[in-house]
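Order as written gives the chain letters A, B, C, D, E and F; numbering starts at 1 within each chain.
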């Protein structure tokens, strides 16, 4: 049995070292990333078991992803596709404050995910199923895989968690909104930024938005407010968390860290206030160093957020 | 016919990757830079044609500069000097906030520029001639080249633009002041910081300074105020632009971007308010990423200055 | 009018800095490459004009390729595709002696090339049309583009040059052989390795192979023999060239350099012996430094192949 | 049950990028290495299961090693020592042909290994126990751990394999010789270079040496001859393997690859000739790219040793 | 004769280039550091002579340290230990604001320092002896060396300076406090942060703390307050200095720079206000660029702290 | 008193990391080099004292050179020129086998060296004065400095050593030949390649050439034959040394190492055969790693040339 099961597309990642237009970037670091595998790593680091399902190419990038996830203690159950390559993304920093991500994922192994690739037994035995709204935008078979997994999880009374993660490169706001409205009724936890929430429902202000979203069904609605912290509506109660003051190094992965923090504390049976605070702390911590997932915190790391100013640890 | 013609010395550039004294810098990136060719690239990226004239060594650095400028769509009309090398500069960051530039340009190909190297027909057919007060400080022949080019442009009723760009390593404030006072009467547009403006005229405050400078002849006087934005005096009207709030990565090239923004909008026939705003936006954008010219904006980039805070574009 | 026109897919290139499995490579350099644009650069460096046609994404990689080709003096006439990205390749070194290239070119802008993208007037005015058998393997429209271009060139009596450049990732040997046998009758110059020649015709030994290939129509058949030099059959005469002894740094691009050397000397009206020798020298020179095209020689560089042993030039 | 169990000290590794005295090296890559974990990875890549036991510091380097080994599919059973750091090594290249390795392993976690850290049940259930003569040189408790493990393996009739791996920095030839002579009678397979074999027995030539070593008890004696290949004496039969011709990039790890190749084929039940050939091929392959273990081959990689000369795979 | 003599352990330093957990850092720069040798360099750069005594391994890292210190003009009088390696430290940046340093110094050459290694004549002829409370925590012999050196300096009426530099990795607060309370009566100048001061005496607020520390004997007590500047109690007079506003790049070495600034001005006979101001300026300057000691200022550098905002020096 | 005194121009050095045309090199390492300071370092490493005189800019590059030479134990007596920069060189690798060096030394501090900059007392007290024929080509004052130094050395009966080091960028073969023929009569030891020897005298074969050179006066003539070793004519006796077989990494500095080896053994009173052998070994060792001077051997390093083939030292 695994605490959390998740699936989706994880891709190789070329990250530019230099700030400015990508065509002048010259040096790149090879890594990888994927919203759902980030959550799996995050939950694992915070003390729970996690499994990641997906489809990887039978290539070096697939090996890289498999090894790194397994090395993080995630139970990897990926199909290796001999006919399609592992997807790729290029991450640059257009300016100091604007990260720019391009994808080479068309007909990638990951986008060819189907319900048949998913181990229903594993999903059925998990306490949490976490999905993102990236997967349904990849292909018809991937969309069906999400539908199928949610159905399995619901029948086993697992907590169903959905992070919107809207990707403009994959579908339009209208397409995303339509799918989300169809799906969110089967979801227990919904993670969204304000803009993402408005793909589903229209409301003024985060609290009203959360209520409008909860009306679709989710018992827990988490609205991420960036520099303004976050807001949670759970069982009709609104809680608001203040943001942590941190020096941002790399904003990518903050949302995944937030979801991982929340889900880890849900798994641990923490109180709602603590759970929301852990989510915010995890999200804050993740931006203080480089990497989509490398920066995800362990429990002990969360204490570093409040350290004294001299900043040298010996 | 070309919208803008400019000329001057463009040099190879070794930029240190590490902050601190240059002797500890270890790793350097090879690039190039030159105030006037920066303006040519900037105007080109903002939608107009531009030609750059100058003298380059018949060496690899000369090839590097020629290829990169031509690759940016600038019409390169450079003489290749078999007897003198392309000049060189070394750019370090003495502290987080202090960039330090050293030159190896003595007897360089660029400093041997003369009036004979300039295609008068090309200058005579341009709508704008842009020069800097670096060139007259390089050599007697280069000074004569500037005089000659301005005379040609005036006779063809081109707009004559001058950016002071005072370089302490090349001449004294007194020498610069004398040349500027002799020349500025033949100029239509003058770009200067406050300190540079005071090389020519003495006045309290930017507005008064602009008036004192305009008294020498220029129809348009632009006073760059750094973190306080900029001020323009055109046809007797003073306009002031607020600065953009950006995270600075590399301040070099901001002045060239400002000039490029202003001249591009003049070429486009924009309203004075728009023109000054574009100049400020271009200058602000140029500091948000690395490189003297790599960071110069295209029209679409200027919209990125006002993006929302999450800073991830997918 | 242009001496040589060529077209095909040119892609961004991430090259690993470390020898070994790609998943451990960590650092990559961004560049680009494409067999046909390599030939265009090579011919340009050897003193002739060249134009490259193709399709590039409306993205940073497309900008990178355009700027670099234009900077090399190649006349770039590329369509920018707003709906498809510029293709990508990843180049690693599996062992010291084995380079490994992977492609992300499916549905790329370059693979969507069609006859309508080609400027028939430009092709019709050129002295040489050079194509590779990569292009017909990209898509039906690209295959039609090759057919169309050859037809235009033949009607204007341009020299039609074809380099086989067999790519296993794109089609099978049978598919390639079929297309080649259909096409080679319309070709004046054929470049092939022995293995590539056998896709078309079966014969023992390079001389017999060349004759078998010439029987399909080409007036000039060039068989590249790697460490054994090369063999040419022109107008019934077989000539053989000895290889140059060089220290190999990067073998990619050697074949393109060979073709460029041969075509440049054909354009210059050189004697057959000289032409073949230049082709071999260009191919040899290209392997002595890094990069698919950066290493292509200028005329003066070819003299460096026979320099004395101390190897320091001051 | 696991095919092979091994244990020993695995350390973080700083590898200099530049050839020359370490004090001028400037840039280093972080990795890790250890003779026994290299063998575990090697056997795993060749298709069998493997477990690695040891002691790691409760620090980032310990995490690095754990994650990477687990990511390679090795079953990691390491004790985390809160009181001692993970050992460290520095690897430079004094000249093109001379690798120089320094250790910071005194009182490291790994050197504090004891019999109590080893899971006797796991060892007892394995088909092969592989140890090196590095471990007994680390500390008294580590020496006892080796003695204990061999005893467990013998009682369960596992194959006991020992690679001499003499380390001058840890003990003298006399100390090593004494321990080896005491131990080798309990060993089934002995791996040694000629110089290492002479620590135990004195004989002229590799065949005579192998016989002298076999007289101490091992059923299989493997004498590694570097550029002259290798020699095996098994059940009284001498077999000799010719070396593979490869371009050497990094010689470290070749011996571990050889052992892994031999043991993997023993596990697979291969014929003696095949087994020795696989050992040589694995050793040869490992030197063709960078890294102590990154370069270890998979089965399919071994075919690359005989590829044709053009060296580009697409 | 030398103005300042100091001694202690100086170690090789691997500094990670990437922010985040050390296990993902990949690239490291090799350098070195040591609190006391930092002070020696700092005092030397500010115009006085300085000698550094210590013990270094007979290895490349020892050579590196010797050459760099000698190259900075420090009189190096180090014993080379053939039996123990030069110590090592690893410096990472856990988050943007938190530097993390690990040591490999157990049984290092430096920790084996003893009184016999120190040239008493040199100490006896110096105007200042500077020590840190790192040395007594290294070993019994090192502790005795400190005691001995202080006794020699007191007998020759040199100024005895002690910087607490508490290192949690080496001893407990209680152990440190005990040694400090025993020693501080023999000290003329005491440098401490507030937290370090409280290892010795308990008091509210920095001024009260300074008085409590002065009660133990030191004529000059310097309390470093980080972002709040510093406070000095000298001969009963409390002086407070405001901090400089600088952009922090690397906080390591700031305390050493502060001590060097204060001691250099004491050597120069500066007024107390000036002396404290120089100490603060040196500390501030040292954080504006990379490196433990590379960033230490010369006199002229201190003027750069108040430069105008454009930040480009040509 | 110093064993060897030398002087000349030492320059900062930007060395490209990538093989190929310099314009594509991108990354450079900062270092420094100079034929005479290389010899000073070489002699110092081989056990003798050495002083280097010269002129350096009052800039970061001058500081870099001073610190590094002093750190190597060379007695640096350089004038710092406030009005001229330290010279610069750019070192690339055009192909695997061809190093390409460009200079920015016109009107550099080093080229402004004059007799007045030299400490005649120091020269007069040395056992060896070593000069190169680079210095007279720098300027009239530098040429006079060489003449003056040789005169001082002759009057004190120091050994006068001259290495031709012909630099095509500084003067013609005819100019060099004229100066050499005028000077060589005052020289005791002459170092030259065959091509350099022919600038002075014409003769077939190295032995005949050595005799022709000795006829001009030098008691010791050393003809460096690259891959064929070297030949010495001393007191009428011809000795020939075979080359060492080494893997070449960087050929620059080999000649300086050869001179340093010969002079160090002369200073040590070694037998002629030994002296020539040491010269060859030092030259061979210097090419086995990177850097102009970093690769110079110590006595112990020379033993590494004959190490066994496995190439791993632990």
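Note that a residue touches a chain if its C-beta (ideal position, glycine included) is under 8 Å from a C-beta of that chain, and two chains touch if they have at least 3 such contacts.
This structure is a prediction, so every number in the text was calculated from the model and none was measured.
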More contacts between chains, D-F or A-D: D-F
Chain pair equivalent in interface to E-F, over half of contacts matched, among A-E, A-B or B-C: B-C
Fraction-based call for chain C against chain B, same above half, different below: same
Centroid spacing, where centroids are CA-atom means, of chain C and chain D in whole angstrom: 45
Length of the line joining the C-alpha centres of chain A and chain F, rounded to whole Å: 62
Junction residues of chain E - those touching two or more other chains: 21, 26, 29, 67
Residues on chain D engaged by chain C in the complex (per definition of touch): 29, 246-249, 285, 288-291, 294-295, 301, 304, 307, 309-314
Chain D to chain A touching residues, read off their complex: 66-73
Chain E residues within the chain D interface of the complex: 14, 16, 21-23, 25-30, 59-61, 63-64, 67, 85, 88, 92, 102, 104, 106-107
Parts of chain A lying in touch with chain B, wherever the complex brings them together: 18-21, 24, 26, 93-101, 103, 167-169, 193, 226-227, 251-252
